[in-house]
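The following blocks contain the structures, represented as structure tokens.
Same chain, two partners: subunit A is paired with subunit B first, then with subunit C.
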Partner chain A sequence: MSELTSFSMNSESDKLSLENEDIAIEVKDWNLYYGSKQALTGVNMKLPRNRVTAFIGPSGCGKSTLLRCFNRMNDLIDSVSVEGTILLDDEDVYLKTMDVSALRRRVGMVFQKPNPFPKSIFENVCYGLRLQNIKNKQLLNETVEWALRGANLWDEVKDRLDENALSLSGGQQQRLCIARAIAIKPEVLLLDEPTSALDPISTLAVEELIFELKKEFTILIVTHNMQQAARVSDYTAFMYMGDLVEYTDTDTLFTNPKLKQTEDYISGRYG
Partner chain B sequence: MQKKEFSSHISNQLNRNLEELFNHILEMGGMVENQLDMALSALENADAKVAKEVIRFDKIINQAEMEIDRLCIRVLARQQPAASDLRLILATIRIAIDLERMGDEVCKLAKLVIKFHKNDPGVCANYAGYAELVDITTRSREMLKVTLNAFARVSAEDAMSILDQEDVVDQVYAKACKNVTEQFKKNPENVESLLEVMTALRASERLSDHALNIMESIIYLVQGKDVRNMDQERLTKFLEKI
Partner chain C sequence: MRNWFNKGEHWIWFSASAVSVSVVLVFGLLAMIAYKGLLHFWAHDVYDYQVTLPNGQIEQVVGELHKTKLKLVKDENDSTIVHEVPEYLIKTGNRDIYGIDFKWVNSRDLNEESVTIADNITVIERYQWGNVYGYFESLTVNGETIATGADVQSVLKDLAEEGNALHERIHHIEKTVMGGINYKIEALRLDQKKLEAKDAYDAQAQSSFESQRAVLNKEFVELQASIQVLHDEADALGEVTLTIAGNQKITVKIKQVVRFWQPNNMSLISKVGFFFGSIGNFLTEDPREANTEGGVFPAIVGTVTMVLLMTILVTPMGVLAAIYMSEYAKEGLVLRLVRISINNLAGVPSIVFGIFGLGFFVYVLGGSIDDLFYGYAAPNPVFGTPGLLWAALTMALLTLPVVIVSTQEGLSRIPRSLREGGLALGATKFETITRIVLPMATPAIMTGLILAIARAAGEVAPLMLVGVVKLAPALPVDFNAPFIHLENKFMHLGFHIYDVGFQSPNVEASQPLVYATSLLLVVIIVSLNLGAIMIRNRLRERYKSLGN
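Let's turn to the complex of A and B:
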């Protein structure tokens, strides 16, 4: 009867576990203050490479603040001070000698609202490459096509690359911003509420894109939409009032969370 | 509704998961079919060795049900399926339960063979009700095959074709019960063996009931209509409308 046992009965062993992952980013005892107000408290976590990690939690829980730490976007806010360590491939992101522009090339970001530049579609995608002084026309063409294909937008715009990016729909604009972010081939992609301004169908298209992109990038996504976290992520971190409450594989978090606080939040009993 | 609808979502992950569920049910169904074939062979040849294999195989079927449950929970928690996708999940859970119970009933047939083999090898066929037992099991086996094919084709019409068989099974079962009861009276010293046959007859009749449940789950999947507990008249009217 052994030929009949091909039925996959290994879901338990298939289960994701951080212990078996290649770690891209490590956060150690991380605290962040806006002036005297503490916004993140003692966060410790390891973020796996080529996986999607989602951050969920109520407004003001610190999820976007934490996301912005990974490419030092918080440096732009004067009152912010930080303690602790964030390692990107074992390299301290907050070292004084760190070249922040180089860091942001390695850690790309896409924001809540699509923010294409008022330039052509082509110029939007190759903007980062031009900043790096890349002039080779063939390389630019190839990269733009690669990025637009990667962002699942190529077929829709390939015949109008010279048109102004603002002529695209909201969903297309957001995918363009993702294309722009991946064109410089970052290691990590930070997505801060990337679909909150999009209609449900465009949202599903972007989610499918995220699923595909993890093959090449490490993706961290902040979302208000718990179901979105459930759909797209491999790991989910639940945050509350600056604390990392529970962080585990998404299957476990959404079917059998350890803590009652997490259970209450994901089942809509919170508050 | 067609099967391809389960693989036409924007989310490829959902497509994959639903397809996986679909195939899991067919695979688990195939396992029960095989188990039933073995049990039939054991019954017909009074082969205790094959009967033991039937019981061993049941563990694999039990695991298959748990695997299907796990996948259903995962899809429900993570993909928020709606409409026909949601019905597929519910139908899948129900069908897996029926298949698992069929596996349990088949084990009861195997246990009969093992018991008889110990007492009196090779004389099973002489017991009252034994011929009907083989007949009902064969018919149930056919009903399962028809329902699994109907599931594969997502066809309520195909599934409903087992209703005639179910009527025949009921008649054969009634006849068998009558035979066994008469034997009770004639040969009270055989009460123990006759009770064993009764238990197995009941199990084989339950097999056809589970096949019927699977048919109901397929109708629910395809038509979105819950036909469980419908009396014969209402069910006939409903089926005529399809």
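Let's turn to the complex of A and C:
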């Protein structure tokens, strides 16, 4: 069955018109195993630059796992093994000689649960810069302001940058994490269900932010919320049981899905 | 009732009573130690007892009531009846006259009505021979009587102060100044031996050494002379004569007087003042008379220095081991074995650690250090003998499991999301550990250290093998560079308790000191812990809402 769907997906993706797009990431025949259990099966896709691409699908379908491949966060799990190629600007991400830290500076990530460090707001944002041994005070201040403005948080926190980041509300914390991620100016921003722990108002703030951010970054977002995917993304990929089932522009996927499986999922028949 | 059992109420009651028993035990223990220990510092009333001797004569006994014991005596006419006769232990002092400080008095020989508060009696604490209990008679300076009777008190007060000041100066010169010169002479001697060992001790070096030594020796002689002058001055302060029980006289040189008081004439306020003064003396003075009198200052310094040094040694060892085990080591049989060993290490009796410390640290490590660096000092060992460093190292080893286990627990509590957050920003694993994980685990590390301090400060058995002595000639920390002498032997409150309580020639006199020292040891451990707990709470405050 998985063979079948992956095959059918390939034929679909051929129809997906990315000709006018600049491709940032290319995934070729991507397989991932947790021990002997296969979690991703033959994924092939091209991800356009400065666009928002959403990954949807039921829990355990492998969308977060795929997202974590782009910055090699899966390396942390000993049992993971991979096959295939992921190209970031034509550079093989999984090359043995790849500097993983440098890769992660190019591919930033925001997690499901806000995870600010127990430090001041300022230190949280410039953490990535400090890792690069940037000591220039002026540069740090400017970058922190730029990142916080970019994350729509500046006006709320500009008077209390020295306060502990844990004193912020959940939504603010998540935007702080986004600011932290963009402060090191990555090319790609991975958002792993960034609003699932937030209330509707904070969610709205983050969604508006995503819309703004795509001007500068290539954004890949994993979400459970199909309305959200429809709202924020340009392209949407539907995944099921480790397969990329359907991948096309968001409007088409939500209004006129090619496959019955996709239609069943977006109309809420399973998942 | 059935319902009561079914609900498990009886278990709740059992648990609650277990808790209350523990609380009562802890507080009872503390209260007993505090009461018995603090009582020692109080200015007790002195009584005058008239004791009828078997030959019908009446003997006067003057002193403090030290304790009461009920003695079982068979009735003279009917041997089946047993009377409980109270016996009193009276502290009579005047050891140089009576031979002992204490006297048992049977209440049957005592005319209870004749027991009176001894008005105007004076107690003099001396540098040697313990207390004097007597009535002022006269005070003579250079053979000339200056004051008699009650007038002696005010004169003696001034003179005793002078005497104390002189004693202080002599003590300072002997301990600090001359100690420093001795230290330099010894260093010079070792330097010379070092040169001799290298065959570099030529005429030039010889003359240089000789001249340096001559300077030091000259200083030493001068100091001796100045001490002699001070001694003469102290001798010239005169002496005071008192009448003691049994119409005998005792003469006390004023330079021998530590302090004196008239307990029966003191108001409550002055007794309270005396009480705190006594505690102050106890904390700041050196021990006297084979540790049975005076203070415990060197033992306090030794205990605290050893514990702090132990903390400095155990923290990096434990924390690094824990980091490796929980962050880097691969799960498997080896790691499991290591874990089991560490947990079991905590159960090894402390004396075994002492033996290990002596056998490995002192003889092997210390011996090698001596061979390598201090060969010229042979046959005298420098590090190849029990000392502060080895005691602290042994204690560090003893407390290592506690630190490792609690650090590991702390590390495992740091949420995965924070580590990932760090890694996702381009930090290496090492950077994530040092910048995020470890700072957040500091409260747990502090918990480990608190437990380690509590254990190390109270441990005595291993210390007896690796560095603690009854009476250390010098403090482990002083003003002679390098200020902390790792090879020195040191005194320790725990060992002091054992020594004073069970090795002392004067058990009765030292018993209150045992309680006082125990109380002090508890107080020191509690305050070291409180310090650590305060640091931990501040850290916790900083890293709170960690698991939100």
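Note that the second predicted complex is superposed on the first by the 253 of 271 C-alpha atoms of A that agree within 3 Å, B and C clash if a C-alpha of one lies under 4 Å from a C-alpha of the other, contacts with A are read in each partner's own complex, and residues count from 1 in each chain.
Quick note on the criterion: a contact is a pair of C-beta atoms (placed from the backbone, for glycine too) under 8 Å apart; a residue touches a chain by one contact, two chains touch by 3 or more.
Since the model is a prediction, treat every value here as computed from it, not as a measurement.
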Self-check item: Which superposed partner A:V93 touches (first subunit B, second subunit C, both, neither)
Solution: neither
Practice problem: Pick one for A:L166: touches subunit B only (first), subunit C only (second), both, or neither. | Solution: second
Exercise. Look at A:T250 in the shared chain and tell me whether it touches subunit B only, subunit C only, both, or neither; answer first, second, both or neither.
Key: first
Quiz item: Is A:L76 in contact with subunit B, with subunit C, with both, or with neither (first, second, both, neither)?
Solution: second
Quiz item: Which partner does A:P118 reach: the first (subunit B), the second (subunit C), both, or neither?
Solution: second
Practice problem: Pick one for A:R180: touches subunit B only (first), subunit C only (second), both, or neither. | Solution: second
Quiz item: Intersection of subunit A residues contacting subunit B with those contacting subunit C?
Solution: none
Self-check item: subunit C residues touching subunit A - in the complex, by the definition given at the top
Solution: 415, 417-418, 420-428, 431, 435-436, 439-440, 542-546, 548
Quiz prompt | Residue numbers on subunit B that touch subunit A, as the complex places them | solution = 9-13, 24, 27-28, 30-31, 34, 53, 56-57, 60, 63-64, 66-67, 70-71, 73-74, 77-80
Exercise. Would you tell me which residues of subunit A are touching subunit B in their complex?
Key: 1, 4-9, 11, 201, 204-205, 207-208, 211, 227, 230-231, 250-251, 254-255
Practice problem: Spell out the part of subunit A that touches subunit C in their complex, as residue ranges. | Solution: 71, 73, 76, 101-102, 104-105, 108-109, 111, 113, 115-118, 127-128, 131-132, 164, 166, 177, 180-181, 184
